[in-house]
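Here chain A shows up in two complexes: once beside chain B, once beside chain C.
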Partner chain A sequence: MPRFLLTRISSGLVVLLLVCLFTFVVFFALSPDPAVQICGKNCTPELIDQIRGNLGLDQPFWTQFFLFVAGIFAGRTYGDGAAAVECAAPCLGYSFQSSQAVWDMIVQRLPVSATIAVGAAVLWLLAGLVGGLLSAVKEDTFLDRFTTGLTLTGMSIPNYVLALVLQYVLVVRLQWLPFPQAVRFADDPVQWFGNFVMPWIVLAVGYAAAYTRLTRANVLDVLRENYVRTAYAKGLPQALVWRRHALRPALTPVVTIFGMDFAGLLGGALITETVFGINGVGKMAADSIARNDQPVIMGVTLLAGFLVVVGNIVVDVVYTAIDPRVRVNAR
Partner chain B sequence: MTSSPTDLTGTKTVAAGTGDTAEAPAATQAAGALRAGAGGTWQALRRDTGAMLGLGYIVLISLVAVLAPVLTAISGWNPYEFDQSAIDPNLGGMPIGPWGGMGAEHWLGVEPGSGRDIFARIVYGARVSMGIALSATALTTVLGVSLGLVAGYFGGRVDLVVSRVMDFLMAFPALIFMIAVLSALPASNRSALLVVVISVFGWPYLARIVRGQTMSLAQREFVEAARAAGASGTRIVFREILPNLRSTIIVMATLAVPGYIGTEAGLSFLGVGVVPPAPSWGQMIAASVKWYAVDPAYFVVPGTCLFLLVLSFTVLGDRLSAVVDAQEGR
Partner chain C sequence: MTTTRSTTTGTEALLRVRDLTVTFATPRGPLDAVRSLDLDLEPGGALGIVGESGSGKSMTSLAIMGLQPRAARRTGSVRLRGRELVGMSQADLRRVRGDRIAMVFQDPLSSLNPYYTVGLQIEEAYRAHRPGVTRRAARKVAVAALERVHIRDAAVRVDHYPHQFSGGMRQRVMIAMALSTEPELLIADEPTTALDVTVQAQILDLLQEIRRETGTGLVLITHDLAVVSEITDHIVVMKDGVCVERGAVEQIFTEPQHPYTRALLDAVPRIDDEIGALRAVAPGSPAARENAARENGDLA
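Entry: the complex of A and B
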């Protein structure tokens, strides 16, 4: 088990390093010169050279890449003298546009993105598991076909369209929900809840649909297995067969997908946060695209990569705990 | 690198693509290859109302996309023309008339603020949506099928390399990376860039399934017979194995299209896709966000078109895979 974990972690680190390199190449090779951007108006060639020097942009590619990776672990200082800018230990870069280290910007907004991700995850897990199980139990009935239709619709509706429809219907027309305002949970729980309900629903719908289909397909597959027939033949009551024999193998794949989806969402739901004007990591990334604030885009990409890799490892570990077949293989 | 545990147990996985999640068809068991031909599939599909409705809408939108210049000539407005007489400057550029200014002059109303004709923009936007999604599907399919075939048939070191690359790409935060790449690249020829970027991250989902099926098909008698008859590796792969993968490829491609339509629209929505003033449905919806409370027709029109197109492809793909599965005796 520890050796298995070690291989997973080291391969995860390789993926991360590659993500880092990929992203770095893209920004190094393809993007317009950041020094020109920072320089702004009243720029002179000398000033640009000076900024380049300060940022280390005059160094060769591999030196720059090394400095960047080293900065993540040890922090780094941009420039020198009075103009020096400190970027502390997990240094993912420095946004000269907002005069803040990218890591600090992310940390400020991560709780908001986490709130959205957790709320949505609860909704889609509940809806997906219940929907999928019901659909499987009542296979080929009206309920099953209705659920299937609903899941196809849910998978097809783009989340920004759904967001606009919900906002228009629930807020503007019916006025069931208040207009979003930035509040703390402690100050005004009702408004806070009102702010987050729609993003939760919008994010959850697509996943709920996919999970319903996955759960239904898995449960139906497992119910056709020989050992389930054996269990019935032994005379076990249906409830017990389901609880003891059918559900666990049917639901393990859901765990895998869930870990990856949830980890992906933690890194910010760009579209949903943008539409609802919620100040999370996703909206920060979207805003940075508009302003061409590259260090931020790069930082968020790395964060997302990190979360996906960690999510994968966590899933694998959880998997060995719940699925005995994998446990044997993984030793 | 990151072969997820689902591969070990052989259960189905969801292709967690780019935000949209679509269920990979249960066609992983290739053994019982195609016996019924394309005719049987078509017969079964024709009796399915949902699949036919979806196909009808797809054909309609394709026609609209192809005939865009003709249609706008009939309607009298091109997508870039400003119509100041259709908006009310005293109301901040709100369209004059109910339903966002719909009427005989502007069939689907006008954009608030600029007065551009929404029908014309929808019609030309269909070109973008369909064009990009279909090109991306074509490129993904070519990449996915050829790499999957090669990895599955030749195995060994080739398989190792291809599989590693696939694992890496699938563990990659694709959407955010696409955004990063597109925002860093210059804005010229975005459509081609979108196709390439979407395909680079899209092919592993098809290649993984093709690889698995190829591996099992390679053990079958007819492949062995071909090999004994002295056929070359390339010939076996393309003449003997590929035809047996036809239904899988068609199903996977159909199921991939809605994801790519959504991805293109999403990227355009975020401002890294198709560059204005060229119209795209996602971009139109993005522009309507500011106006949703006062001019709902502005988001309802492109939103409905987009939703129906994605739904049509999803339903068609779903039914197609059900039919194919039934034929393969699952």
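Entry: the complex of A and C
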């Protein structure tokens, strides 16, 4: 087990390094000179050269790349002499726009994105599993067909459309939800909840629909397995056959998909956060792309890659606990 | 439990099947996978059901247990020691399944749940019919059952998962599971088909041994005539869902009446045969039978 974990972690690191390189190449090759951008309107060629020197932009590509990667693990210093700026250990550089450290910006916004991801995940897991199970139990009944119709609708409504419709109906027309205001949970739980409930729903709808389909298909597949027939032949009560012999094999693949989806969402829900004006990682990414704020874009990209890699490793570990066939091979 | 059973024994047949029919609704009308089948088995007897794939023999075994697919309709009469199983409530049927009639299936790997140890799967079979039995007691039964089918280190193997067993060992586990409740009837549906030849022989020996020692009645379903001739005393030959011939083993082997039985016997390769193409049996299916019947105007 530790050995299997070690291989997974080291291969994850390689993947992250490649993600680093890829983003670095893209921005190196495609974007306009950041020094000009930072310099602003009243700019002189000397000033540009000075900024270039400070940021290390006058260095060759591989040196820059190495400095960037080294900065993440060991920190780095921009410029020298009196103007030197110390960037502490997980150094992702500074925003061209706000001059804030990218790492600090991410740390600030990550809890917001996590709140959205967790809330939505709870909703879509509940809806998806219950819907899928009901649909499978009542296969080919009205309920099954109704659920199928609902999931198709859920899958085909774009996030932003649903978000705008919900905002209009729930906040403006019916006034069931308060107008969004920035509050902390401890200060005003009701307002806080009101802020997040719509993003949760909007984000959960698509996933819930997909999970319903997945769960239904898995359960129906497993019910056709020979070992389920064996369980009935042994005279086990229906409830036990379902609970023990059908559910666990049917839900195992859902765990995989969930790990990936959830990890991806932690890195920010771009559209949902933007539409609802929630200041999470997703909105930050959208804003930084709009302003061509390279260090921020790279930071967010790396974060997303990191979360997916970690999510994968977690899923693998969980899998060894669920599926005995994986468990033994991993030893 | 044993005493109540022996009192009901008397001269009653262990299994008496009359006019068993399993019907599927198809877009082209109802189709009988099994039609008007009669079977008789005395206590401790062994009956072979022989036929090619699609002849309805597996459906017959499932229908005896009431395990036919949901889309199928089962009619006729299935009596176990005089007790009618057709039309029985699901709750009562559940108490018969696994306890009084146990089943061994063709593919032991897919018939065992990969997520649970073989011990747990034997235990649950036992405990389903012995309410109030503790896990500890059921575990002892599981170990004993594994020992009875000659699995070495049963006390250790009981905690292993199906994928840690070889094919023959898995089938032994299935047999151990079936026997843990001491059923009076064991239905084995192609128990050796998925196994290689030497392991086949071992499993057949095991079935014989168990029959001798426990007096369990056996219905053996197979396409392999060599297998039935070794174990059973009576044979029912099925084709396209109907019984085409029945009788004692020697009689069927020496004087097959129906052309299909002769074809089946001819299809067995013999060591003294001329070398040449293997002989095949004319393909059939319930649908083929219906078609033939339609052409003959039987189903007008």
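Keep this in mind: the second predicted complex is superposed on the first by the 324 of 331 C-alpha atoms of A that agree within 3 Å, B and C clash if a C-alpha of one lies under 4 Å from a C-alpha of the other, contacts with A are read in each partner's own complex, and residues count from 1 in each chain.
Methods note: a contact is a pair of C-beta atoms (placed from the backbone, for glycine too) under 8 Å apart; a residue touches a chain by one contact, two chains touch by 3 or more.
What you see is a predicted model, and the numbers here were worked out from it, not measured in a lab.
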In the superposition on chain A, see if there is space for chain B and chain C together, and answer fit or clash. fit
Considering only the touch criterion stated at the top, classify A:Arg248 as touching first (chain B), second (chain C), both, or neither. second
First (chain B), second (chain C), both or neither touched by A:Gly12: first
After lining up the shared chain so the two structures overlap, which partner does A:Asp323 touch, if you call chain B first and chain C second: first, second, both or neither? both
Of the two partners chain B and chain C, more of chain A gets touched by chain B
Touching A:Val190 in the superposition: chain B (first), chain C (second), both, neither? neither
Does chain B (first) or chain C (second) touch A:Leu174, or do both, or does neither? neither
Touched partner set for A:Ala231, first chain B, second chain C, both or neither: second
A:Leu240 contacts which: chain B (first), chain C (second), both, neither? second
Give, as a whole number of angstrom, the minimum Cα separation of chain B and chain C in the superposed three-chain arrangement. 11
Set of chain A residues, in rising order, touched by both chain B and chain C: 323, 325
Interfacial residue positions of chain A with respect to chain B in the complex: 11-12, 14-15, 18-19, 22-23, 26-27, 30-32, 152-153, 155-161, 164-165, 167-168, 171-172, 206-207, 209-210, 213-214, 217-218, 221, 252-253, 256-257, 260-261, 264, 267-268, 270-271, 274-275, 285-286, 289-290, 292, 294, 297-298, 300-301, 304-305, 307-309, 312, 315-316, 319-320, 323, 325-326, 329
Listed in rising order, the residues of chain C that touch chain A in the complex are 65, 67, 90, 94-99, 102-103, 105, 107, 110-117, 124-125, 128-129, 161, 163-164, 174, 177
Contact set on chain A toward chain C in their complex: 225-227, 229-238, 240, 244-245, 248-249, 322-325, 328
What residues on chain B touch chain A, complex-wise? 1-2, 4-6, 8-9, 11-14, 16, 19-23, 26, 168, 171-173, 175-177, 179-181, 183-186, 258, 262, 265-266, 269-272, 282, 285-286, 288-289, 292-293, 296, 299-300, 303, 306-307, 310-311, 314-315, 318
